[in-house]
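We just call them A, B, C and D in the order they show up, numbering each chain from 1.
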Amino acid sequence: MNEKTLNTMLEKLKQEFDISDIVEHKPRLTTFTVSKQHAETLIRELRDREAYTHLNFMTCIDYIEDGIFSLVYMLHNYGKKHSLGVHVNISRNGEEVFSIHTLWAQAWTYQRELREMYGIRFTDSPRLDEDFCLEGWDQIPPMRREFDTKKFSHERFGHREGRSSEVPREHMKVQLYPNRGGDEE
Amino acid sequence: MTSLNRHTLTGHSAALDFSQPEPVDLSSGKYVKLWQGPQHPGITGNMSLELTLEGDTIIGCKTHVGYLHRGFEKLMERRTFIQNFTVVCRIAVPEPTFNEYLYSHAVEELSGIEIPDRAVWLRTLNLELMRLASFLMWIGGQSGAFGMYTVPNWTLSHRDFVLDLFEEMTGARIYHMYIVPGGVRAGLPEGFEKRARDVMDSTEKMLGQVERVMFNNAVTKARSRGLGIIDPEMIDPYGIVGPNARACGVARDLRKDEPYLAYDQLDFDIITGHDCDAYGRAWQRLQETRQSIDLIRQCLDRMPVDGPFQADMPNVLHWKVPAGETYVKAECTRGEYGYYMVTDGSEYVRRVHVRGPSYTHAIAVMERLAVGCNIADIAGLMVSLHTYPPEIER
Amino acid sequence: MFKKSLNTEDTLENAGLTVEEQQLFSNARPQAYEPYPIKAVEDFANWARANSLWILAFGTGCGAIEMRPLMTARFDANRFGVAGRPTPRQSSVFVIGGYASVKTLKRIVRSYEQMQGPKFVIALGICPVNGGMYFDSYNTVNRFDQYLPVDLYITGCMPRPEVLVAGIMELQKMIKAGKCNGANRYVDNFDWYKANQKKVIKNWDMPDYNW
Amino acid sequence: MSLRDLLSPFYVWQRAFEKPYTTKRPTLDRPGAPAYRGFHINITETCVGCGSCHTICQNHAIDMVAVDEYVGRDGDSGLRPRFDYGRCCWCGLCVDICTAGSLRMSNEYAWISEDPGDFHFTAGIDDKPWQENALGYRRAEGYHLYPPKRITMPMLPVEESVNTFDEVVRGYDKEQAKKEADRCVECGICVATCPAHMDVPDYIHSIRDGDYEKGLQLMYRTNPFPATCGRICTRRCESVCPVGILGEPVAIRWLKRFIVDQVDKKDYPRILNEPIGESDFKVAIIGAGPGGLSAAYYLRQQGHAVTVYESRASAGGMLRYGVPSYRLPDVELDKDIEHILAIGVDIKYDTEIGRDISFETLLEDNDAIFMSTGLSVPSSMRIHGEDHPRVLSGLQVLADVASGRDPGIGKKIAVIGGGNVAMDAARVSRRLGADVTLLYRRRISDMPADDEEIDESQAEGVVIVQQAIPVEVLDADGTERVCIKWGEAKMVDDPKGGRPRPVLQEDRMHTETYDCIISAIGQSSDLGYLSSEVQDQLAIEWGRFKPVEYQHTMMEKVFVGGDFANRTADAISAIEDGHHAARGINRFLNPDAFIKAEMQDE
C-alpha cells in the first residue's frame, strides 16, 4: 500500500473517529487505538468503505498493571495487501463490549473464546456462554495474567515423585566452602 | 477482486446471513440429536459435531472443540523466547514447521535479526516438504472418508518417505524443531538432495495413480460432487482462505501476494479452480501437491551449499526482545496461518495469538455447510475443509 | 451383568445424574475378571487375546498422528493382529495418544469403561508419565495413572511407529504371560480412581460407571 | 458417470505386482537417522555440571544430581544432569547450550516400561545400551546459542603504551559491557573457584540490568578492592568459566572493573552505607596491604576499633609498590582504600612493628591481632656474583618507580624470571627507555605470568629468551655495567610425570654485558619484627604460616593471612584471608553468640 493513500485514510479516520497511537510496524501493518464508543462504527466503516474485508483474527491483551484489556481486531485489505490492527481498550472489571458477530461469520466464535479465556462479555453475541475449550471450569478465566497456570497444575494434577535437583552454586558452597563467601549472619 | 467485494457487501446475499439456526423441539420425536466425535473414526482429529437430524438429513450442526486445548498461549507467556520455539510446533501436529517458522519470524522481526541466505532456503525447503507431507495425509483422509482405503495406504506411505527426509534433515519425524529464532539448526546432510529427488519422483508417479484411482472414480465423484458448496460470496465474510478459497476461483496465496522467505525467487503461479464443492477442493489440493513437488525441486536446485545458517545471536538464556507488536503470516496447506506477537521488552513474550485457518473453517463454515447434508457425507465434508482441531483451540 | 442391581448394599451413587437418568443407567459396580479355572484354557484365551488386539479409534492427543502410518502399508500393524475399531464395545486396547485434557479425560473414562474386558491401556509419550510438555498447563492432567490403570508406557515425543510396534509386541508378551491386569486393578481400586477422576472432572454428569 | 470412471478404480490391481512399502521388521530394520534426536549421552568426564541444560529446559526435565565421583574437581560442580523421560521432549536445546560440549544424543528411541517411575536416568552414569552409540544429534558446527567470542577490549596501541605509564587497558563502554555480560550463563561455578567467592553471576547480571549500584553492593559483600581486582586480579574464575571450554571465557575481571568505573567515588557512602555494629573490642592489623585492609573493612563493620600499622608512607602494600601504574593507576587503588578508611578504620603510616612499637605491646593492648605483612624480600638467584651493585631486585625497581624515584637502570638491561614481577619490571624498564631482554629457565608456555602480560610485553618490545639459565654474574668494564653468563637449557621430561625440567647444556654458554640486571625470581617473607620466642609459638615453617581454621594461628589472639600464609600469593587470596580472619576474629571475640546460633541451627 503506498504511503500516501494510507496517510490520507488515517487522517480521515483521525478526524472522524478520534483514533490515537498510530504505529506503523512495517509497510504492511499499522495499528492504532480507538475509543469503545467509536470502535463499532469504525470497524464497520473500514470493512464497507475502505475494503478491509477480511478479519484475520480478534484477540485480547491483558495489561494487568494498567487495569485494562486491549481488544485487537486485525483487519486485512486484500486489494492493498495491508493489515490494520484496531486496539480498543476496555476496563478489566467486567466492562461489556459491542459485538461484531453481524459483520463476520466467525466473529462470534472469537467472542465466545474471549468470554471464556478473559471473562469479557459481548453484547448479544450468540452462544456466548457455551463452553468453548474448557469444561466445568471453576477458576478465574485462565488467560488473565493473574492466573498462575503452573501453580494450578501442580495443585490440581500433581507431579510424579522422585525428582530433586541441586543448584550448582549452592551445592558447591555446601560441599567445598561452607564457612566462606558472603556475609556471616 | 473488487467486483467480488462489492457484491458481498451489498448485504442482500444469503451468504451474509450469519444467524444461528432455530432450536428444535427434540421431544416431538421428529428429530434426533447425534454426536459425531470425539470418539469417532469419521472425524478429523479429536473434536466433535453435535448434529440435529431430521431423518438422515442434518438440520443443525454445532462444532465442539477443546478436547485438545493445552493453553499454548498461556504457556508461552511463561517461557523464554528460546524455550517457546520447542513448544509452538505442537500447536498443529500435522504441520509443525509453519508454527516454528512463524514464531521464529515474529521474534526475529521484533528483535531485528536478519537471517542468512542459506537459512532462508533451508526454511523454504522445510516448509514446502511439510506442505507436501500434509497434503499427502489429507488425500488419504479424503479418500478414506469416502470409503476407499487403498489411497491412504499409498499416500501415507509416501508421507512417511517425506518424514524420513525430515528425520535426516532435522533429527525428528513429527516435531522437527528445526527452524529456530535466528536461523535453522543445521545444514543438509550428505546425499540428501539425491534422496529427496527420488522421493519426489516416486511421489509424483504415485499422485498420477491416485488421480486415476480416486479422482476418476465413479463413487468419489458421486459422493463429492455438489457436497459442501462454498458460495464465493461467503469467502470474505466467513474468512475462508487457502485452497478452500482458491477452489472457488479466488486467486489468493500469501506465497505470491506477500512473498516471504525465498518464494519471490521461485517460479510458480497461483492455482485456482472453479468447482466450489468437495470434489473441486480435492482436485485443487491434488494440483497444489504437484506444485509443491515442483517447488521442492526448485529449492533443491538453488540451495546454497555453504555459508552460515544462523544469524549472530545474543545469549538465549537471558534474551530480551524489545517491546513491539507484529503480525506475521504464511500460507500453510489450509491457508493463512498467522502469529500475532506483542512483547514488552522483558525475557517473556507478553501475548501471542495463533491464528489458524481451521478456526473459521471448522466452526462457522462447517456449521453452515453441514445443514442439508446427509449424515453419511458429514465425514467427507469435514475432511474436504481440511481442518486440524489442535490449531483451533491451541 | 447389565442388570440394575437394586436394593443391594454395594451400589454406586450416580449422584451426577438426574433422578430420571438414574432410572436409565445401571448403578452396579464393575466386576473383576476371573481367569478360567483350567490353566490351559486360560493360556489359550490369552494367546487368542494377544493376537487380536483391537485398538479403539480414539485419537486423544498428538499420538494419533503416528497411528495412521502404523495402521497403513508402511508399518502395517494388521499383520500383528492389530486392527482399529470404531467403537469401544469391540475394542480391547486403548491407546492414550499423549496428553489428556480434562475435557478429553472425561470421554476417555467413559470410553474405557464401555470397553469389554479383558482390556488393556497403552500410554504413549511423555505426557501421561509426568505431564511432559504440558506439565504446567491448566487443562491437561499430569499423571495419567491416577485416573485409569495403564499397562504399558512408551516414552518419546512422539514415539515413532516402530516403538509402537515394539510396544504392541511387548504387550502381547505380557498378555500371554497373564500379566496384564490393569482392568482388575481398576476394579479393585475403583473408589480411588473414581475419586481422582472426580477431583479434576468438575462437571460429572454421567454415571459413576459406564456399563 | 462415464464407463471410464467405473473402470479406472480397478487400476489398483496393477500395483499388486509392485514391491510393497511395508517394512519387514520395523523394530530392527529402522534405526534412527544419523542425526536423530534420541536418548541422551553425556561424556561425564568432560561435563562440568554447569547446569545450563537444566536452565534452558522448558519442561523442567533435567535435574542436576550429585555424582560422588566428581565432587571437588576444580571448575566442576560435581553435579551431572539426570533426565526425566516423563518430561523430556527431545528438543535438544540442552545439547545446543551445553557449554562443555559433553552432551549429545543417540539415535536410539525405544524405551518401553510397565512402571512410569522408571523413566529417570543420569546420562553417562546409569548403564544404558545407547551409551556407546556413535550416531545421533550433535550441535552443528557454527551453531551457537550464546556468543562464543569475547568482546574485544579496547587497548592503548603499543606505540603509545610503551612510552607512557597511562593505563593500557581502556575499559569497556556500556554497550560493550552489556554484550560481554550477556555471554554469562550464570552457572556460578566461578564462585567456588574465586578465593573470595564473589557473587560473579549476580554482579554480571546487574550489568545487564544496568544497575551498577547493586553490582557494587554485591561486590563489596566479599571484596573491598573491586577497582583493584577489576584490573589486576589473577582471575582464576575465568580459567574455570564453562563458556571458555568451547569459546572464550566471560571477561569477568573487565566486567568487575566496568561496574566500579561507572560509579563515582563520592557516591560510595550512599550506595554501600555499611551498618557499623557496636563493640568494645580493639583489633590491631599489621600491614596495610590487601589482606590487612580487607580484614580491617569487615572487622570495622562489626564495630570493633580497628588500627592498621603500616611501615611505608602509603597504604596498599604490594598493590601500590609492586604493581605498575599502567596496570593499576594509583587513583583507582585509592578509590578502594579511601572507602575502607572512610568507614572508620584508623591507620598509622610509617610505623614499623619492632622499631616504633613492639609486637608484645600490641598483643597486650589489643583483643586480637591480624598479621599480613606479605613477601617483601626478593629471593636469591643463588649464583656467584649476584651481590654485584648493578644487580637490582625487581621489587625495588617497581617500588622506586611507584614512589616517583629514578631506579637508575640504564639503557640496556636484562630481566631474569618469568613471573608477573619479571614482566612488570621488564615493561616498566621499557617505559623508562631501556632495551629489555628477559631470560627465563623454561619455555614461554611454562611461565607463571599471565598470558596477556607475556603477549603485551613482547608487543612492547621485550625480547624473551627462553630456556636460558643464568650461571654467573661477572664484573664488566666500568662500574656502571655488568656481565651475565648464561647457558642454554634442554627440557628433559620428568620420569615421574611432573613438568619437564630444564637441564643446563655446558657447551652452549653465552656472555652478555648490560647496564644492569634485574632479578625477579620470587620473594620471601620478612618476619624480623617477631622475636624468636613468638616465632616459635606461631609455628612458622620456611618463613610461612600454616593457619588453622579461620586463619587462626597457634597463638591465642593472633590471626594471619596474605601472601605469607597461603600458597597462591595473589591479591584476591589475601583479600579473602582478611575477610575470613575477620570472621574468625568475630567468633573468637564473641564465642557465645556463635555457639548459640550453631545450636539453634541443629
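We take it that a contact is a pair of C-beta atoms (placed from the backbone, for glycine too) under 8 Å apart; a residue touches a chain by one contact, two chains touch by 3 or more.
The shown structure was predicted, so the numbers you read here are calculated from the model rather than taken from an experiment.
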item: Pair joined by the larger number of C-beta contacts - B-D, A-D; value: B-D
item: Between chain B and chain D, centroid-to-centroid distance (C-alpha), Å; value: 55
item: Gap in Å, rounded to a whole number, between the CA centres of chain D and chain A; value: 49
item: Where chain A and chain B are represented by their mean Cα positions, the distance between them in whole Å; value: 23
item: Rounded Å distance between chain B and chain C, as computed from the means of their C-alpha atoms; value: 31
item: Two or more partner chains touched - positions in chain A; value: 133-135, 142, 147, 149-150, 160
item: Multi-partner residues of chain B (at least 2 other chains); value: 66, 69, 71, 74-75, 78, 87, 153-154, 157, 160, 175
item: Multi-partner residues of chain D (at least 2 other chains); value: 21, 84, 86, 89-90, 116
item: Graph class of chain-chain contacts, one of line, ring, star, complete, other; value: complete
item: Residue numbers on chain A that touch chain B, as the complex places them; value: 23, 25-26, 28-29, 31, 47-48, 51, 53-57, 59, 61-62, 72, 74, 78-79, 81, 83, 85, 101-106, 108-109, 126-127, 131-135, 142-143, 145, 147, 149-150
item: Chain D residues touching chain C - in the complex, by the definition given at the top; value: 20-23, 26-27, 30, 59-60, 84-90, 109-116, 118-119
item: Residues of chain C that touch chain B when the two form their complex; value: 56-62, 64-66, 68-69, 72-74, 84, 86, 88, 99, 101, 103-104, 107, 111, 133-134, 136-140, 157-158, 160
item: Chain B to chain A touching residues, read off their complex; value: 1-2, 5, 8-9, 18-20, 65-66, 69, 71, 73-75, 77-78, 109, 234, 236-239, 252, 257-258, 324-327, 329, 336, 338, 340, 342, 350-351, 353, 355, 359-360, 363-365, 368, 393
item: Chain D-touching residues of chain A, taken from the complex the two chains share; value: 160, 162-169, 171-173, 175-177, 179-185
